[in-house]
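Structure first, commentary second.
To keep things simple, chains are lettered A, B, C and D as they appear, and every chain counts its residues starting from 1.
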Amino acid sequence: MQIEIFTTGGTIDKIYFDAKSNYEIGEPQIVELLRDANLTVDYKVTSLLRKDSLELTDDDRQLIRAAVEKSEAGNVVITHGTDTMISTGLALQGLAGKTIVMTGAMQPARFRFTDAIYNVASAITAAQTLPAGVYIAMNGQIFDPLRSRKNVEMNRFETV
Amino acid sequence: MQIEIFTTGGTIDKIYFDAKSNYEIGEPQIVELLRDANLTVDYKVTSLLRKDSLELTDDDRQLIRAAVEKSEAGNVVITHGTDTMISTGLALQGLAGKTIVMTGAMQPARFRFTDAIYNVASAITAAQTLPAGVYIAMNGQIFDPLRSRKNVEMNRFETV
Amino acid sequence: MQIEIFTTGGTIDKIYFDAKSNYEIGEPQIVELLRDANLTVDYKVTSLLRKDSLELTDDDRQLIRAAVEKSEAGNVVITHGTDTMISTGLALQGLAGKTIVMTGAMQPARFRFTDAIYNVASAITAAQTLPAGVYIAMNGQIFDPLRSRKNVEMNRFETV
Amino acid sequence: MQIEIFTTGGTIDKIYFDAKSNYEIGEPQIVELLRDANLTVDYKVTSLLRKDSLELTDDDRQLIRAAVEKSEAGNVVITHGTDTMISTGLALQGLAGKTIVMTGAMQPARFRFTDAIYNVASAITAAQTLPAGVYIAMNGQIFDPLRSRKNVEMNRFETV
């Protein structure tokens, strides 16, 4: 396996239930997204968590870190809610020999117009082309979690 | 400008005219594709040619090379028909200081299900993360035009 | 004007704001939906309300009834949340000379996969082909609000 | 069965093969289109022909007429290329007790932006609401084949 993809929830996986009139985190949408892309790279998708990233605990972050550490793949992609993506990025520092790229979406993958496909493609590509380390692929750029933030008002990531 | 995107035609830009019942190469579709992705990276799209890549001549390839050479951007993406993408990749060798990533699509960007968005995202990311050189971003992988081919029967790129 | 379309909110118009992590009723989505359909029929879209239909009051229903009564069009389409569509249908009885067709969606119009386009097309067609009266166009059928109900568990309308 | 749907080809069913770089008529797209609409009406889809409508012969039209005549359904929808939809409509006159509605699309159903869903929904609705006869559902209107034409230049149907 060349690339391991872990999903943890967030807007990218949000689905809508009419009866309850609110959003819930559903099955990882990435599996369907990747079907149209005709990938020949070898990858596996594993659902670790299904949470809004504001609800992630320290234990959740340790669970994610342990999964990355145990993975046989050197290239790891993690889909994650954007609100605390940077915090999880900080919790993933120091795993030698792993290129870890986090990504998510501002609009759910189920929407007709969404940034999900672009972001996932960007993360999978970055995982193959960057040296070992932890990165965030959002808004068409690669960010270092140690030197970036989510600008909530503008709804985008930026370097600080 | 961080990234210059040149379009040359190919399936990615194919559009359909009912009256004539055949496909023609239309306006670059990449502009609309990128609108949903909320890019904050600085890029410019320029339409160089609108041709099926089987119809590209040596003069066309020199025109593409000259445009890349003249570009102020160090990171260049070229959308191109897949049938002769490798030939153009060979014609772009030896341009110092430029990271050039070629991509295209097996299904037109106008389709409901298409590999166009994935491929363009992959190319834009690779252009930012790879060292100077010429690359092809297709099927979720990065190929070296000197060591790859299009497998026409399987409709995919592979390393040779 | 041949057809007047009033929007009142409901799932069909739900949009998603990432920051607040909940759904809100947005601009009428019907305008964009109809753009792709190349309609040559003369129609106008007016936003009356932006409410989940569970929150509609008797005053809201009188407002909708007054708008239909005042409309110059003999053919009226109303987009509406599905939960209380039948109640509003009952409040619209007895308007002579008007063919009124209500519709909505189980999945928001913004989704990649939605029943919104089908339902709106069905309602606009029924408004042109049925005699004066009040109808509901959902699940590929035409219902009489006096003899139908929403089966919440099965998430569909049915005759009673 | 309440509604029988016959497909005969045309733009609505056009699919694209990259290798040959031209369009061919594929499997009826209507089956997938209807999946998202949550229809509870009973319908069956049968593929009669897969032709560009300019290539339909008198024999083909007799085959379509025979299929409609033999159908147990009183409500029949026929998807058809737009160029000779009116000619086939004329060949279907005089079938007592049948409401027959023809439709098609200016943009293939596989496109991200298409009139196919709207048109099919309109035809299925008209088949349930109109008296026996032959109709064309296009551009948001219902046309009588005896008094309409396709305006090729404007790419739409109109009354004459």
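What we mean here is this: a residue touches a chain if its C-beta (ideal position, glycine included) is under 8 Å from a C-beta of that chain, and two chains touch if they have at least 3 such contacts.
Note that this is a predicted model, so its numbers are computed, not measured.
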Going by the stated contact rule, which chains contact chain B and chain D alike?
none
From the centre of chain B, which chain's CA centre is farthest?
C
Whole-angstrom distance, CA centroid of chain A to CA centroid of chain D, is 44
Distance between the CA centroids of chain A and chain C (whole Å) is 37
Chain C to chain D: how many Å between their CA centres?
26
Can you list every residue of chain A that touches 2 or more other chains, as numbers and ranges?
106-107, 113-114, 155
Using the contact definition from the top, classify how the chains connect: line, ring, star, complete or other.
ring
Residues of chain C defined as touching chain A within the complex
11, 14, 16, 18-19, 21-23, 52, 54, 82, 106-108, 110-114, 152, 155
For a test of understanding, state which residues of chain B touch chain A in their complex under the given definition.
34, 36-41, 43, 106-107, 113-115, 117-122, 124-126, 128-130, 137, 139-142, 155-158
